[in-house]
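Note that subunit A is present in both complexes that follow, paired respectively with subunit B and with subunit C.
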Partner chain A sequence: MPAEAIRTDKFTKVFDRQTAVDALDLVVNRGEVFGFLGPNGAGKSTTIRMLIGLLRPTSGSAVVAGYDVRTQPLEVKKRIGYMAENPYVYEKLTGREFLSFIADLYQVPKDEARDRATQLLRLLGLFDDAEKVVEGYSRGMRQKLGLIAALLHEPEILFLDEPTSGLDPRSARIVKDLLTELARRGKTVFMSTHVLEIAEHMCDRVGIINHGKLVAQGSLAELRARQSDADASLEDIFLELTGGEDTAELTRFLAES
Partner chain B sequence: MRTPFVIAGTIFRRMLRDRTAIFFVILLPFFIILVIGSATKNLASSRIPIGLVNRSSGALTTDLVRAFDNSKTLRTFHVTSDDTLRKALRRGTYSAGIVIPTDYEASVRAGRPTQVTFVADQNRPPIVVRAAVDALVAREGALLQAANFAASHTHRSFDQTLTAARAAARATQPVGVQVQTVGHAAKGQFIVQGFSYTAPSQLVLFVFLTSFGAAGFVIADRKQGLISRIYASPTSATSVVLGYGLGRFINAAFQAVYIVALGIFIFGVHFGDPLSAFVLITLYVAVSTAFAMLAGTVFRTPEQASSLVPPIGIGMAMLAGCMWPRFIMPLPMQRLGQLFPQAWAMDAFIKLVAQGGGLRSILPQLAVLAAFLVVILPIATWRLRRSIVA
Partner chain C sequence: MLKLLRWRVRIIIAQYRGVMVLIAPILALGVFVLAVLGSRGIFSVLVPRAPAFADALLLLAYAAVGGFQVIAGFRWGITRLFLNSDLELLMVAPLPRRRLFGMKLFELVIASPISLALLAAVTWGFGRAHAMAVAPLLALVVPLLLATIAALPGMLVALVLARVMIGPRLRMIIGLITPLLPLAWVIFAGSASSFYARVSSDRFDAARLDAVGRSILHVVGRSPTSWPGNLVRAIAAHDWALLGTDLVLIAIAAGALIAVTYTVFFATFESSWTQLAEASTKKRSGTLLERIAPPVPRVARGIVIKEWRSFVRDMRLLQTLVFPLLIYGFLAIDSLRRTGTPPYAFTFIIPFVISNQAAVGLLMERKNIGLLKLAPVRGIDLIAGKSIAYAVPTALLIAATAAGIGFVRHLALWTVVVSIVVIVWILAGCMVGGVATAALWGRFDLERPRLGIGPVFAEMAELVVFAATQTGLALWIAGRFAHHNPIVGLVLLVFAAASTGMIVLFTTLGARRLETFDAP
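Moving on, here comes the complex of A and B:
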């Protein structure tokens, strides 16, 4: 088993002459929580969608869980779990039925799927609502259901797009603890997030993408060293790397007025 | 290969849980078949509806009324007043009306002349009804004349001679008229009426319309990321497309089976040769599924699909003969209707239901439906697959 969970090489996606992801070279090690950061439209979701086989890269390559996403997408998909930022589910199914549907797609044996679903539903406080149809679920409940669906088949690598958005503080804390525990057990977590505080506290390493290019990757300490500022927060580093001119302008305006 | 069935099963389950879908799949076809079938039911009867106002009373009047009631060509409805009869005639409820005058009984017994009044709407002069009524009244009049003649030349009473006359009439074989026609009805000009028309035509209309309308679900699933969620699992794009296609096919087949069952068990419709009907319905459901999948990739938003599908689907159904027989339309519109699969399915159903045709007789229609499938399904599959694998 390779030490690297994800490696990309000149990974590129071009939509109608618009380069969304530009020659991305990224390495994520096994068992680490990797935070993928970037402003809106920077290319985070496109990168994730290419890594999990939903989008075909225009050029370059990526190896996920030891398999090439371009030539062996089904092998990759067997080993990963995915939760989109808005985890849409079939509205007319109950939470339990949706999980059973997802388990069937991953060919998880029925009994095993039911036990795991029960365990995760209890853990995320969704057990009492599991028999209700999803159309009555709140945003946070859908988020939790999406996370459970991503974990049902015990994947090696988890791809999560904004995993804590829509969650109340208590649920967000449970999710953070759950992801940390999964990493401790050797699972790899690749998550995109806007919440820099979460990335700062949860992630072993982060990658920052801007205009489709990876502008930095490493641990917080490595990024601080690169910025020559030992006290810099992740927010400072992020704004520095992604162009914080607008923020600086606003700060100046507020100070003068 | 289990995954397409898992997806299809979930799509079917979702349809059963959706009240709007249930309305369009189950309730609406039932009510439309019931209403249109009931409205056109009488057209299927060979007996012509007439209204009868009887102002007289007595045994001879009863005999005349009974003659109308037992007529094989007339279907007699008893009406209480002249006014009611005239209103009903203007509305077209009856083809004609008969009024038996107050003095009928007395005049006949006295041997005086009397007249039964024939009432008709001047805009719709019912020649056939008039002939039938004339024949019936003339027969009754002949019996009365015979009885009168016998009574006046024997010592027996009028009632006795009338009874003898009726017995003699029953014992004598009547001289009949055998009707023969020359030539053939124009191709396809078979009027199927009542539930025998509405059940197959509503099957053709609704199976296509609800399939076509379900394109909105495919678009929503695509736009909202549900299809992506499935594709993110170890499922190939081909399996996703197969699953969605199979799901649509099962939903459409469910509705077709429901309408057939409704037709057979509730409305007493005979769909013709079972094997031919099965092949026709299966092929038509497949064609509807292909159109649904194509629409799922052509329309951009679920809202666009839901606003455009009803007028397109109903317009196609009108031109195809689901609302009325196609042959009553001008020739250019008939030709236009043939561009749509519904027209070929309707033609095949008419052959099965009205003409008692078999598989061989509907082969041309089946071939055209198969051609629709062969052309539309690969395009739909290719477009849906392309929308998944970006």
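Moving on, here comes the complex of A and C:
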């Protein structure tokens, strides 16, 4: 089993002559929580969607869980879980039925799937609502259901797009603890987030993407060393790397108006 | 108000992208011009020879489109008023209720632009045949008048239903009303087949045709859906008394409908919408469907169970399946009653109607197609799951209908069994072909995913060829050809095999595309 969970090489996506992801070289090690950061439209979601097989890369390659995403997509899909910022759900199914459908898609043994679903539903406080149709769920409940669906087949690598958005503080805390525990058990978590505080506290390493290019990757200590500022917060580093001039300009505008 | 309506039209047009923005209007205009020329040709022949029959044809067109709009309006009313995704946006905007009412009414009026365009073409053709200078104006105004009158009852019923029923029950009603009303219409009001039988059984006889026309006018002319058509007739015949009477009737009916509907809208819409927006909190169990789903590979079975659960909970989905089945049931019975034979011709319609429902079923996945693409699932499993979900209930109904016909006609058991096998085989092939076409060319990134015009024609051609070649071979095997020539049989066998190969090819390509395309 290779030590690297994810490795990309000149990974590129071009939409209508516009480069969304530009020659990305990224390495994520097994058992780590990796935070993928960047401003809106930087290319985070496109990168994740290419890594999980929803988008075809224009050029370059990526190996996920030891398999090439282009040539062995089914092998990759068996080993990964994904939760989108707005999770895919079927409105007319109950939460329990939706999880049963996911178990069928991933061919998880019935009894195993039921037990695991019950355990996760209880953990995330969704057990009492599991027999209700999803159309009645709040955004946070859908988010939790999406997370349970992503975990149901016990993936080696978990891709999460803004995992705590829409969650109440208690649920957000449970999710953070859950992800940390998963990493401790050797699972890899690759998540994109705008909440730098979460990234700072949870992630072993982070990658920062801006305008489709990876501008930095490493642990917080490594990034601080690179910026030559031992006290810099992740927010300082992020703004420095992604162009804090916008923020400064906004502050000036507000002060003047 | 006009600004809002203009935006509405822009949103509809914006669904067409790229080259279709140019091609679609040109194609539509071409079809419209052909329809005008065709109807003018027919009316030019009929007006001097059988004027009453020409009038009857015009009124039948109005009655048919009006009837369709009234029936469909029940469903459209619920959808446009209470279920559309833009409602939340509109409800939080500072829109006066009268504007919201006008906007929703406008949406209902133009809900079926194709039927309105065809009616306009018929009106124009009728007017030109009478050398009326105002024919284009009448073609523009009168169908819209009809559509407005026809839209209001559906809107009113939707408002009343929404007031007295909770959301899920309302959705069940929509699902049931939509397919059942047309059937009730046909059963109680009769179908065009009786008129068809009276005309086609004789040679072209102008006097007889005119008499038939008068008898049709006698029945259809009183229907409110014919009143706008009567305006056109009256202007053509310079019958100012009829024109005046009809204008008064239309003004009274439209005025009363608008007043009642607007009053109900004003009084109930917001509270009903709020009530409907509260989703169901009822607990459900769907274990029966899990037990009765066919024993196919697990992934496909999972998709079948998911589809069936959605069917029974979202009656709008169910009615898309039930409606064609009811049409088939009606035509089977009608054909048996009139000619004593099963509805052979309808075998060719089934492929379009029902397989298209399955294709729509795949397109309805919309952005959820990403979930299916994420899972380690082959494209062929998706196509199989979708096809089976739709094919099984359809096949069951067809088998029941065939068995019923066999029982009534005292047919041999083996004849019934072989018929069922052949029809189910054709149905299964068409179902897979339809879903495969959607997989191959479907646009899942749109709010309302669809196939383009080209793929729809490709699908129709594919399914007709398949149905025709399989039916040909089946009829030859059954000894229905005049000469049981083995060479003919061999040729038919080759064609049937080739068309089956074509379905397999479409399926393979569709499955590959499902695995490789960029998910929205």
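Throughout what follows, the second predicted complex is superposed on the first by the 249 of 257 C-alpha atoms of A that agree within 3 Å, B and C clash if a C-alpha of one lies under 4 Å from a C-alpha of the other, contacts with A are read in each partner's own complex, and residues count from 1 in each chain.
Definition applied: contacts are C-beta pairs under 8 Å (C-beta built on N, C-alpha and C of every residue); 3 or more make two chains touch, one makes a residue touch a chain.
All values derive from a computational prediction rather than experimental measurement.
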Using the superposition on subunit A, decide if subunit B and subunit C clash or fit. clash
Go through the superposed model and pick first if A:213 touches only subunit B, second if only subunit C, both, or neither. neither
May I ask you to decide whether A:131 touches subunit B, subunit C, both, or neither, giving the answer as first, second, both or neither? second
Where does A:56 make contact in the superposed view: on subunit B (first), on subunit C (second), on both, or on neither? both
First (subunit B), second (subunit C), both or neither touched by A:74: both
Between subunit B (first) and subunit C (second), which, if any, makes contact with A:97: first, second, both or neither? both
Mind working out whether A:176 is in touch with subunit B, subunit C, both or neither, as first, second, both or neither? neither
Given 4-12, 58-66, 148-156 or 166-174, which one is the stretch of subunit B whose C-alpha atoms run into subunit C? 4-12
Taking the stated contact definition, name every residue in subunit A that is touched by subunit B in one complex and by subunit C in the other, in rising order. 49, 52-56, 74, 77-78, 82, 84, 88-93, 97, 101-102, 104-107, 133
For subunit B, which residues are in contact with subunit A within the complex? 2-3, 6, 10, 13-14, 17-18, 224-226, 228-236, 389-390
Tell me, which parts of subunit A touch subunit B in their complex? 49, 52-56, 74, 77-78, 80, 82, 84, 86-93, 97, 101-102, 104-107, 133, 149
Residues of subunit C touching subunit A in the complex: 279-286, 290, 298-299, 301-303, 305-306, 309-310, 313-314, 367-368, 370-378, 515-516, 518-519
Interface with subunit C, subunit A side, in the complex: residues 49, 52-56, 73-75, 77-78, 82, 84, 88-94, 97, 100-107, 131-133, 135-137
